[in-house]
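Below are two complexes that have subunit A in common, paired first with subunit B and then with subunit C.
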Partner chain A sequence: MGMLDHAWLGVLAVFQGPAAFSLFSLPISFTLLLVFAGFVLGIVVGATPGLAGPMAMAISLPVLISIFGYSSDALLPVMGFLIGVMKGATIGGAVPAILFNTPGTPDAFMTTLDGHPMARAGKAGKALRVAHFSSVTGDTFSDIVLVLCAPFLALLVEAYLDLPEKTALLILSLSFIAAVVGGSPGKGLISTGLGLLAVYVGSGEDFYPRLSMGTETLSRGFSVTTAVLGVLILGAVFEGMQETFHDHRRQPGATTHALTGDQVLRFADIRRLLPYIGQSAVIGTLIGALPGIGSTLAATLGYTLGRTRHQKHQPAGAPGFGDGVPEGVAATEAANSAVSGANLIPVLSLGIPGNAAAVFLILAADSIGGFTPGPSVFRVPSEGINPELVVAFGLFTAMFLANALNWTLGGLFMRSMGVMTRAPKHILLPIVLLLTLTAIYVQEPRMEAILFALAFGFLGYFMRKAGISPLPFVIAFILGGTLEQTARQAFAATGGDPFFLFASPIAAFFMLAAVAVIVFTARKPVT
Partner chain B sequence: MSGYPKGNVLIGCSVIAFALITLLVWIPSDTATGIVETVRRRTVIGDAMAPSLAALFLLVGGLLLLTAERRAASQPLPSREAVVFALQIALILVVSLLLMRWTGPLAAALAGEEYRLLRDSYPWKLAGFILGGTVMVAALLVLAEQRLSLRVLVIALAAVIVLVAIYDLPFDDLLLPPNGDV
Partner chain C sequence: MRTGLKAAIAALGLFAMTTAASASEWTPPGPVKLMIAFAAGGGADTQARLIAEELEARTGWSFIPEEATGKGGLTMLASLKDQPADGTVIGMAVTEALGYNMRSADMGLTPSDFTGLTTTAGFQMGIVARADKGWTTFSDAVAAAKSDGALRFGVMSPKLDDIAYLLGRAQGIDLNIVSLKGGKEVLDAIVAGDVDLGFVAGIQSKGVAAGDLVNLASGLSAPLAQTPEAPTLADLGVTPFNADGYFVFVAPAGVPQDARDALARAIAEIVNDETTKAGGLVKKAFGGATTIMGAELDALMAADYESAAALMEAASQ
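After this line comes the complex of A and B, so read on.
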């Protein structure tokens, strides 16, 4: 069967999978239902300051796995739900940014710059419509690029990269992520080193579990769940609690601004906004395709380039970016939303997660089994079916399904989420903490798992307080095992060549690039 | 005295010290095989290779902070307030997790029963989770609001009951703390 046959099977797997219920005699599959549920949940958490898509993913995962089990039939419903959350949270973050000058997600900060002035001027409805239209357009563009690029990139990797090159590529990815995430290559390398060290505790090929200090507690090592949820989610919860609690003031009463004038997004508006959206969608997609670079940078770049364009084309004296112009909202939202689809390019084609949402997709695939993101996913067998390729196209279908929901219902949901901004953060965070600890325990029912997760949570908290991004830690923890395994195989396959990482031009190039990216980012002027 | 912040120097020195101890003491003494091993005339990568790479990342990161990023404009460090807050949270978590772990077994012992035999039956199976969870959420809310009120207890209890409804009632195979440990 060819690639197109697999694509069609993927579409069918989404629409004709096990049915949850029938609507007018039409069976609605679990995957459809869960993409919808995830999408709605994503908008809710995105619109709630202090909560975020990854938190919802972390908490939902054990429940979903309990419902659907560990069979390959579980993959599409569970991962479809996570994709729904990812998409929903992207547009949800703009709601509090526009209505109350409080970004629901970090990447929505730039949206406040023009979105909130529009709301203050009585144009909140229009600002939300602009944000929604731009976000969905950027996201859809990014998904199209993902579908077109990921399979070909994977095929290229399979065709040209052997074990030494794959090892060097993993080192390059870790080095790149360390260099670009958080703006400090030194701190990025520290975060990466800590993640690698943590994943190597209690593992290895010898009978003695290395770095376990002879203790039974460490001999089993740390599970992905405890490390990832600890550093990423608990660390963020602790930091959020510290900031909220010690403010000693509740969130100020949200002030609503009366709507005045035309709130509709008209065709003329769309025509005027499209160049900004197009430019930002390309920027977001390019940035998203590189692992580790978040949507915050995409939003900043999209906004900056949009402002330059606006200055060129606007008559003198007209309101500019920052004064509440729809172009500012469009440039930001298109850029940060375009990151989400493209971020899955390195995940699906190389198995390298680029952001927190991708980490949870890998975690889901790892927990359920039967789908290992990486180049082998896109291998077309000479005869028979590659089930992983069917799942990959099923995921693409789920993404476009979420986009369809976004185009049709997203705006409506988004505009009704203003109430979530009033959810008191200081009450939500302790509940999220208990919820996360419970989610960890049900996945790994021993108190040690909770203690490890809390220890990682405090590590994540202090890393954040010291300006060290926890994302390289998490990505290194996930890739550490693969890196060691690939290196061992490459070393053995080259007959124990100590220079196996420099034996081929491609591997040598990757290794030099890994060093160069650190050197060049470290040499940038101090700001 | 030069005027630039010293956060990166502090972090850099600590990380370099940790990396060197890891490389020179911890890894050699706590791994059974070296960087490379020769087994039956075949040279293979040993268990010490990967952790050494991790330590190398730490070492280079620390050195970068001491050199290229020594004078970076932003060099945050955890404030005293942040450390005190972490200790407060840790204390609350220790107390609530102890309650979560031991309430059920202690209650069962007082009733002359063995908890292991009761952990699948109500209300025993939920006693520790409800008490420990309520104390955890309530104590954190008290820390946030700086006062104890009935409202705080009601919110905490309601949150715990919702969690029980999510994780315990619909699923027989999911274990709430501490039932996987006893």
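After this line comes the complex of A and C, so read on.
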């Protein structure tokens, strides 16, 4: 069976999987239903300031696993839901940014610059339509690139990278993430180091538990759920609570602006916007394919390059970026949405997550089992089928399904989400806190898990306060085990060569690049 | 007075009936926690969960499967040891965890801390390589190592690590022994070319049948069911050690005899029945169930623990 047969099986697995119910005697599979449910939840969460897609993914994952169990049938419905959330949240974030000048997600900040002036000028409807169209176009483009590139890259890795090179590649990824996420490479390295320290407690190959300080409690180590949900979600909740406490006296009432004039997105508009969307989609996809660089940078770059282009093509005196031009909204939204598909290229082909959403997809695959993101996913056996490849194509199908929902229903849902801005944070945050703790306990029913998660939550809070991004921590925690194993295996396989990381040109190049990326980003920019 | 007597007799009769019933038909006093020492989604984890599912369907008892992975099964065993010994907590591991791993960890655990319930299946441990390497027998691999230098040999546990070392020594070849997590990873590494050959415990059967893989040797004391002509470890000069091993269900020490019997019997019935999902899986991957229980299992566990010391001694020389 070739690659295409697997692709077809993947499509069938999504549509003909276990049926949830029948609609006009047409069986609707659980996967379809869950992609849709995730998509709706994603839009709602994205449109709510203070909540974000990863939060919804984190909380729903253990709940979904407890419903669908650990069989391989559970993979597509559960991951389909997460993909739905991821896709929905990308378009939802623009809503409060445009309507109320409050970005729903951090990367929607640039959308406020032109989106909100448009809303003030009575063009809120049009701004939302522009945001929707650009966002979905960027996303779809990115997904196509993912489907074309991931298998190719995976096969390349399989063919050329041996154990020492794989080890060096992991080190390069960690150093790259440390260097580019957050303010400074120093803070990134602290975050990465803390993540590695945490994952190495209680783990390792020896039967004697490592770094447990002689206690039974630490000897089992920290589970991924407690560490990731603690640092990423609880940390954000604690920070949000503190901000709410500070802000609640001076919260301005949200004002709405009446709509005036034409709100429809005309074909002429689309033609005018397409160059901006295209340019940003390419930027977003390129940035997304590199692990660790988030959609915020993509949005900033897309916006800046869009502005340059706009200045070149507009007559002097015409309204520019920042005055409420649709091009500004289009350039931002296309760029930040194009990140999400390409972000899965390193996940699926190398097993290296690049952002928080990808972390939860890896977590889902890890907890359910039967699907290990990495090069082996794309191996085509000479006889029989590779079930992991079928799952991979099932995931691609789920992504395109979510895109189809985005194209058809997304705009409609999105325009009705303005009300979410009024969701009171002081009620939302405790709910998220409770749900997260419940989710952790469901996954790991012992009291220590809750205590660990709270401790990681405080760690995440203080890291945020010190301006240290928690993302390198989380990615280091996820990759730490793999890094150690691969390094041990490479060392053993080379017959105990202590310089195995420098013995081959490719590995040596990766190691050099790992150092270079830190050195170059640490240098102060010349001003 | 008379009514009182009648009532007393009736109560006595009822009491006698219930005790009689409980003597023949043990049922767990609550839901049974099943601690699984294997990573979620792997073959062993699936086997454990399918057995639990079928047990629920057949007996009406309820099971709560829980992952307790790490340290070659010792994480699970260490936490199982302190659980109530009334049949409400059981665990699934491999016999190697109670033998070599327990001995080598030296953390105060011995097989006598546990009650063996039953094994479910024996490994079909083969030394496997990719067919396109051109090796058809183990001696081809030995020849390749002698002409081209060290071979990479994948193993999935410290015991197999020692055995592979002894094998290399007996054959006079250099083996770079690479530890991987579980049989699936060893198989993946063989297919990807990260290692040249390695120990795989049964999941190679499909690839061998398809002609993609070859069983170069048996890691067992007996020949492999699928490739009976392949030499055993003893034929290759590794004596008296072998990689014989089984999946085993255990409970904490001191579980009442009726609970031990009832649980062991119920599990064995399921894996021996090839029409159940669990039985079908065992048949497919391991060629059928092997259910060792009672005194025979006690002897097996004790012997594994004892022989582990000899293996460590031999490999440290």
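Quick notes on this structure:
Throughout what follows, the second predicted complex is superposed on the first by the 521 of 527 C-alpha atoms of A that agree within 3 Å, B and C clash if a C-alpha of one lies under 4 Å from a C-alpha of the other, contacts with A are read in each partner's own complex, and residues count from 1 in each chain.
Convention: a contact is a pair of C-beta atoms (placed from the backbone, for glycine too) under 8 Å apart; a residue touches a chain by one contact, two chains touch by 3 or more.
Keep in mind the model is a prediction, meaning the values are calculated, not measured.
Of the two partners subunit B and subunit C, more residues of subunit A are touched by B. Legend: residue contacts after superposition of the two complexes on their common chain; A:Arg488 is shown touching both subunit B and subunit C.
Legend: residue contacts after superposition of the two complexes on their common chain; A:Phe245 is shown touching subunit B, with no touch to subunit C.
By the touch criterion defined above, A:Pro445 reaches both subunit B and subunit C.
In the superposition on chain A, A:Gly221 makes contact with subunit C only, while subunit B stays out of contact range. After overlaying the two complexes on the shared chain, residue contacts for A:Tyr208 are found with subunit B and with subunit C alike. Once chain A of one complex is fitted onto chain A of the other, the partner contacts of A:Phe21 are absent, as it touches neither subunit B nor subunit C. In the superposed model, A:Gly369 lies in contact with subunit C only, and not with subunit B. Overlap of the subunit B and subunit C interfaces on subunit A: residues 205, 207-208, 445, 488, 492, 496.
Looking at the complex, you find that subunit C touches subunit A at residues 39-42, 45-46, 49, 65-66, 70-72, 74-75, 78-79, 101, 104-105, 107, 150, 152, 158, 174, 176-181, 188-189, 191-192, 194-195, 206, 210-212.
Here subunit A touches subunit C in the complex through residues 69-72, 158, 162-163, 202-203, 205, 207-209, 219-221, 366-371, 375-376, 379, 381-384, 445, 485, 488-489, 492-496, going by the rule given at the top. Taken together, the subunit B residues at the contact with subunit A in this complex read 7-8, 11-12, 15, 19, 22, 26-27, 30-33, 36, 42-45, 47-51, 53-65, 68-69, 71-79, 81-82, 85-86, 89-90, 93, 97, 101, 129, 133, 136-137, 140-141, 143-146, 155-156, 159-160, 163, 166-167, 171, 173-181.
Listed in rising order, the residues of subunit A touching subunit B in the complex are 62-63, 66-67, 174, 178, 184-194, 196-197, 200, 204-208, 210-214, 238, 241-242, 244-246, 248, 426-427, 429-431, 433-435, 437-438, 441-442, 445-447, 450-451, 454, 458, 461-462, 465-468, 476, 480, 483-484, 487-488, 491-492, 496, 498, 518, 522-523, 526-527.
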